[in-house]
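So the structure is just underneath, and the comments pick up after that.
Every chain is named by a letter (A, B, C and D) in the order it is written, and numbering of its residues begins at 1.
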Amino acid sequence: MNSERKAAYALVAPAVFIVAVFVLSPIVQAFINSLYRDTPFSPKTFIGLDNYRTLFSDSVATGTIEFTLIFVIVSTALEILIGLGLALVIHEHFKGRGLVRAAVLIPWAIPTVVAGVMWKYMLNDQYGFVNLVFYGSNVANYVAWLASEWSARMAIIGADVWKTSSFAALLILAGLQSIPEDLYEAARIDGANAVKRFFRITLPLLKPAILLALLFRMMDAFRVFALVYVMTQGAPGGSTNVLQYYGYQKMFPEQQFGYGSAVSVLVFVMIAIVATILIRTVRTRIYES
Amino acid sequence: MRRVVFTIVIVAVVLFSIGPFMWILNTSLKSPQTIAERPPTIIPDLQTEFFAAAVDEHNFMRYVGNSAIVAGLTTLLAVLVGTLAAYPLARLRMPWRRGILSLVLAASMFPQIAIVGGVYRLLLKLGLLNTHPGLVLPYTALTLPLAIWILTSFFKEIPSDLEDSARVDGCGPLATMWRIFVPVAAPAVFTTAILVFIYAWNEFFFALLIMTDPAVQTLPVGIAKFPGEYMVPWGELAAAAVIATIPLVVLVLVLQRRIISGLTAGAVKG
Amino acid sequence: MRRIVLIAGMLIVGMALFGCGGSDTESGVTSVNLVVWKPNIPAAWDSALAMFHEAHPDIKIVREIGPHSSSQFHDLVAQKLRNQDPSVDAFLMDVIWTPEFAAAGWAMPLDERFPPSEQDKFFDGCIQADVWDGKIYGVPLNIDAGILYYRKDLLDQYGFEPPTTWAAMIDQIDSIQAGENDPNLNGFSGQFRQYEGLICDMLEIVQSNGGRLTEPESPETMEAIAFVRNELIGDAAPEGVLTYSEQESLDLFTSGGAVFHRNWPYAWSVSKESPIAGQVGIARLPSFKDDMSTSTLGGWRFGISRYSKNPDAAWTVVEFFTSPQMQRHFAVNAGRAPARKTLYQDSAVLAANPHFEEMYPVFETATPRPRTPVYPEVSNILQRFLHSALSQDDADLEALAAKAATEMETALGRVQ
Amino acid sequence: MSTLELRGLTKRFGEIEALNAIDLTVDQGDFCVLLGPSGCGKSTALRCIAGLETITDGDVIINGDRVNEKTPKERGIAMVFQTYALYPHMTVRENLAFPLKMSKMPKDEMEKRVRDAASLLRIEPMLERRPRELSGGQRQRVAIGRAIVREPTLFLFDEPLSNLDAKLRNDMRLEIAALHRRLEATVIYVTHDQVEAMTLGKTIVVMNDGRIEQVGTPDEVYQRPATPFVAGFVGMPAMNFITGEIRNDAFEGNGFEIPVSVDHEGETLLGVRPEDINLGGDHGEGEVEIIENLGADRYAYLKETDTRKRWAVRLNADESVDVGQAVNLSFNVERLHLYADNRRLDVTSSS
C-alpha cells in the first residue's frame, strides 16, 4: 500500500469510525430487530417478516403511511414553490436586502420543537394568533384548527412549510446566483419578456438547484417527527400521524421494539428510493448542462 | 407601480417569515393577567415577568450554556473529522471511495428513532450518559454525512494544479489539506459549521433520553420541562422560545452573507 | 498536520475525561440516583431533599430530572430500565405504569419492606394500583381524582344545585346560557385532546353509565360516547375541547368562559387566583344513573429498580419521601393530595387545602384505568378510537368500536 | 554533468501507456522544451520528473541522484503551472514565501529571497495583494517568483503562457527568456505552441504518442525534422507532403519526377515547406482557394482540380495571385525532405 493510500485511509478512518459506531451499528441492529417480536413481556422471538405484514395490513399503519405520503408530497411541493418565490425576491437588488434575507432565514434557525410549540399556541381556539388574523375580535367564529381532520393536516403541513421554505429558498438562491447575467441580456435582445425569460431561462437553469432542494426536503419530510409530536400527537384520531411518530409510539411508549424497528426500516426504504431517483436525476441534469 | 407591487411583496415576505416569531415575542412580553385574554391583545403590556421566571425559576441560562457547549463541540468535531474525511474522498486515489460515500449517505437516510436505542446502550456502556460528549458524539455522527457531502463536493471543485503546486512546494497530503484546501474551502467549511451548529442547537429527541441530569441538559429539553404535570406556562414558554431563538437570529443576521455565499459555492454543485 | 492530530487528540482525551468525571462515591456515603420529573413547585422538593440529607448523612441523593409530562417521563424511565441502566435506583411511577414495570421485571417487588400493615395506611385504590400478580411494586406518594368545578355564582343566581346527572348538567347549561346570552360563555370545559387525559375524562363518563372502556361495543359505553359527541362537544362545550389538555380547559374556565369544568384537585388553588376567584364550587362528577359517579384515579408512586446496586439505600429514600411527615410537607407546600388517609384529619394539611376534606370520599372511591402491562398500547388504541369518535361527525361509531375492540384483543394477547 | 537524465521512463495509467521508455539527457543551463500535441505525454513526463506521478518503469535522475522514490520537495525542483496555482487565501508575499516556509528556512533569509524575487519580477508593489486582485500577467510573474525563491536545480514549466492573451504571451515569453539567461538555470518547459518552443528552447524535444520523435536545437528540428511527424508538426502552415516512390535515383509522384540521391528505393514520403515552393513550374498545379495575408508574409492555399490535393504556398514579395486563379508550382529542390519507414532519408547529393 502506498503512502497516499495509507494517508487516505487514516484520514477517513475517524469519520467512518464515528458513523459506524453511532449510526450504522444501531441501524444494523434495527434491521435485525425488525425480524423479531421484541417486547419486555415475552421472550424475544424470530418472526420473519411478520412485522412487515402487519405494517401493510393494519389500518392504523396504512393510514399513517397515507398521511406521511400526503405530507411529503404537499409540503415539499409548497416548500419548493414558496422557496422559489422567496429566492426570486431576495435575489433582486434593493435597499435593506441584507435584513430581508436575514428575516427569511429566521424560521429555518428556530428550533423545531420551539416552532411546534409556537404554532400550537397560535392555533389555539381561544387566544390563538391565527384566529385573530382571520376573525379579528369576532370570538364566536374562532376555529379549533387542530380539532378536525383536514384543518389539522393543513396546520402540520403549514408549520413545516413555514419552518423550512427558507432552506429551500437558500438552495434555490444559490442556483439563481450561478446563472450568468449575459443569458438574460441575450434573451432581452431576442425580445423575450420577463415571463418568457423566467420560463425559458431561469426555470430550466434552476432545475439542478430545485432538484437538490427537493432531495434535501424530501429526505427530511419523510422523517418528520417533532412537529407532530408537539402539535397533534397524531390527532384527530390518527389523521395526522406520520411514520416516524408512529414508530416512536411503538418503540417508546408501547415498547414494541421489533415492530417499531420495522417502521423505521420502511421509512429508510422510502427515503432511499426517493433519494436514489432524485440523485440520478440531479446527476444527469448536471451532465446535460 | 412596479415599485409599489415589489414593496408589497417584500413586506409580505418579511411578515410571512418573522410574523409568528414576532407574535411569540409579543406573548413573552405580556403578563399572566393578559396572556389568556380573548380575543388576544395585540399590544403587549411589556412585562418581563415571563423572562424573569424562565431565567430564574427554570434556570434557563444553564440550558443555553449547555446547548452552546454541545453545539460548539459538535460543530468543531464534525467539521474537523468531516474535513479529514472529505479531503481524501474528494482528492486522493483510494479504493472503496464510492462505497464509503454511499454508506455515509445512506446513514443519513435513517429515521432517528431507530438509532436512539442503540446509541443509548452504547453510551451506557461507555459511561457517557449525562455528559456533554454523550451528546456530542452521536450528534457528530448524525451530522457527518452532511458535512462530508458538502465538503467533498467543494473540495472536488478545487483545481488540481493547486494541489500539485502545494506538493512541489513541500506539502504532504495532510499539509496540503490543512494549509491549502481548508483555507480555500473556507466558505464551505463555514456553511457546514453553521448547518451542524443549528442541528445540534435544535435537536430534541436524543437529548431528552440521554441527558437526564439537569446540570447537562440542553435547551430543547429545558423547554420540554417547562410544563408541569397539568400546567402549560405559555408565557414562560414564549420567553424561553425567544431566548432559545435569539442567538440563532443574531447568528443569521450577522452571517447571512456568508451562509448564502457558502451554500452558493458548495452545496449546489452537488 | 501534527497540530491537527494534537487538537483531535486533545479533544477526544478531554471529552473522555469530561465523561468519566463526576464520580458518585465518596467514602462512606452511598449515592442514590433518583429519577423524578421537574416539580411544579421546585422549592418544596429542594427543602425535602435538604431534610433527607440532614436525616441521612450517609446517603446522597442524585436527582435526574425529566419533563413532567407523564408520557415523556414514561419514555425516559422505560428507556433507562429497559437497558438495565445501573445508575437508576429509585424513580417515580405514574399510577398506570405498575403492571408494565412489574411484568417487564424492571421494578423490584417491595413486599418485605412494605408490609400489608403499612399498606393499610394508604388509600386502597392507590395500593391496588401498585399490586401486580400478587406483589406490590410501588409506594404511593400522592393521589389524584377527577372532580367537577362549577360557577357557584351562576348556579346560585339561577337557583341550581350542583348537578348529579349529566342530563341535569345540560339542562342547567341551557337555562344559564339562555339567561346570560353571552357568546363567550360556554357550558362545559374538559380535557378531550388525544392524550392520556382523554382516557381519564372518558372513563369517568363511560363508567358513570355502567360502561367500560375495555368493552367499547357494550351499549352503555356506546351510549355514553354518543352523549359526549352529540350533546357535549360542539354544543355545551366548544369544539376546541378536542384540542385541550388541563391548561387550556382551565384557562377557559378561569377566564369566565365556562359554567362547568372537569379537572384534578390542583385546579382549585389555581382558580383561587383567577378572575373567577371566590365563585368556584366543587362537586362529585355527574353520572347517567344514580350513584354511578366515577372519578379516575391518578397520582404518583416511587418504585425501586431491579438493577439498583443499592436497593437498601434506595428504600430509605423511598420510605422517607412517602412518610407521613413528607406527605404532609408536600400537601402543605406543593398542594399535593396525600396518599395516606390519616393526613386528611391533619390540621396543617387542611388549613392549606380546605377542599381536601370534600375530596376525601372522591379519593376513596377513585376508579383505576385498565390494568395491563401493555397499558400504553391500550391507551393509544383507546385514544385513537375515542378521538375519532368524538371529532368526526360522520364517524360510524359501531365500526370504530369494533375495530378498537379487536386491536385491544391483539394488544392484550402480546402479554404472556 | 547532466542536470536531468531520464532512462527508459515509462508511465502507464491502467491499460493506457502514456510514456513509452523515454530516454533524455538535459545539461546544466539548458532550456529544454517538450513540444507536442495534447495527449502526447509531455505533461506526464514533466509530472514524472516533478514527482507528482509515480513512474511505472525506468529512472529519473537529477544531478546524478536517482529520485524515483523521492517526494517533489526532495527533488530540488520548482514548478510553474498553467493555471498559475497561486494560493487564493494568501497574499503575494505569503505565496512567495510558502515553499520556503515549508522547508523551514530562517526568517531573514526567507525575506531576502522574497524581496529579491519580487524585485527581479517587478512585483514589489503587489506584495500585499491577493491573487484575485492581480492581472493575468502579474499572476504569472508571481507564479514564476514562487519557483525562483526556492533556487531549484531544475525549473519545470507546464504550459505557463497558454492562459494569457497573445500580446501578453509575447511579452512574458521574452521575459522568461531573459530570466533564464540571468539565472543560468536549467529549465524543462512543456508547450504545444511551436513559436514558444522555437523562441525559448535551446533544445527542443518533440514528442508524440508517448515517445520522443526528435531531440535537437530549434534549427535542427525545423531544418532537418527527423520524422514525418516532426516535419508536419513543426512549421506554420504545415509542410506539404506527397507520397511517391524512389526509383533509379528519382522521386516519382504527383505526375512529376525529381532526381534525388539517397540510399533508398521504394515507397517514400516527400515533404516541402510552403516557403520552398515557387509559382510556375511542373511539380504541381491548383486553384487558389484562400489567400492569407499576415503582413510580413502572404500564404496561398491551393486545391488541385483532379486529385483534390491541397497545397500551402508562401508567396514571394513580387508574386501576386487572385482567388480562383489556376497556378503551377515548382519546389526548391535543394530543400526537400524525404522519409521512408518513418525515418529521414539523408540526401547524399542532388542534381
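Heads up, the rule we're going with is that a contact is a pair of C-beta atoms (placed from the backbone, for glycine too) under 8 Å apart; a residue touches a chain by one contact, two chains touch by 3 or more.
Remember, predicted model here, so these are calculated numbers, not experimental data.
Student: Shared touching chains for chain B and chain C?
Tutor: A chain counts here if it touches both chain B and chain C, which gives A.
Student: Mind checking the centre-to-centre distance between chain C and chain D? Centres are C-alpha means, answer in whole Å.
Tutor: 89
Student: Let me have the rounded angstrom distance from the C-alpha centre of chain B over to the C-alpha centre of chain D, please.
Tutor: Whole-Å distance between the two chain centres: 55.
Student: Taking each chain's centre as the mean of its CA atoms, how far is chain A from chain C in angstrom?
Tutor: The answer is 35 Å.
Student: Centroid from C-alpha atoms only, then distance chain A to chain B, rounded to Å. What do you get?
Tutor: Spacing between the chain centres: roughly 16 Å.
Student: Which positions in chain C touch two or more other chains at once?
Tutor: Touching at least two other chains: 8, 75, 79, 184, 248, 251, 255, 257.
Student: Using the touch definition from the top, which residues of chain B touch two or more other chains?
Tutor: 36-38, 81, 84, 117, 137, 172, 174-175, 224, 234
Student: Throw together a list of every chain pair that touches.
Tutor: Inter-chain contacts occur between A-B, A-C, B-C, B-D.
Student: Flag every residue of chain B that touches chain C in the complex, lowest number first.
Tutor: Against chain C, the touching part of chain B is residues 36-38, 57, 73, 76-77, 80-81, 84, 117, 120-121, 124, 126-134, 136-137, 172, 174-175, 178, 208-209, 212-214, 217, 221, 224-225, 227-232, 234.
Student: Note which residues of chain C are touching chain B in the complex, please.
Tutor: 1, 3-4, 7-8, 11, 15-16, 18-22, 35, 37-40, 42, 62-70, 72, 75-76, 79-80, 83, 85, 87, 184, 245-248, 250-251, 254-255, 257, 263-264, 266-267, 270
Student: So in the complex, the part of chain C that touches chain A is made up of which residues?
Tutor: Contact set of chain C toward chain A: 8, 71, 74-75, 78-79, 82, 100, 103-106, 183-184, 193-195, 238-240, 242-243, 248, 251-252, 255, 257, 373-374, 376-377, 380, 383-384, 387-388, 391-392, 403, 407, 414-416.
Student: Residues of chain D touching chain B in their complex?
Tutor: On the chain D side, the touching residues are 47, 50-52, 71-73, 77-79, 81-85, 87-89, 98-99, 102-103, 146, 150, 156.
Student: If you look only at chain B, which of its residues touch chain D in the complex?
Tutor: 159, 161-162, 164-172, 175, 179-180, 183-184, 186
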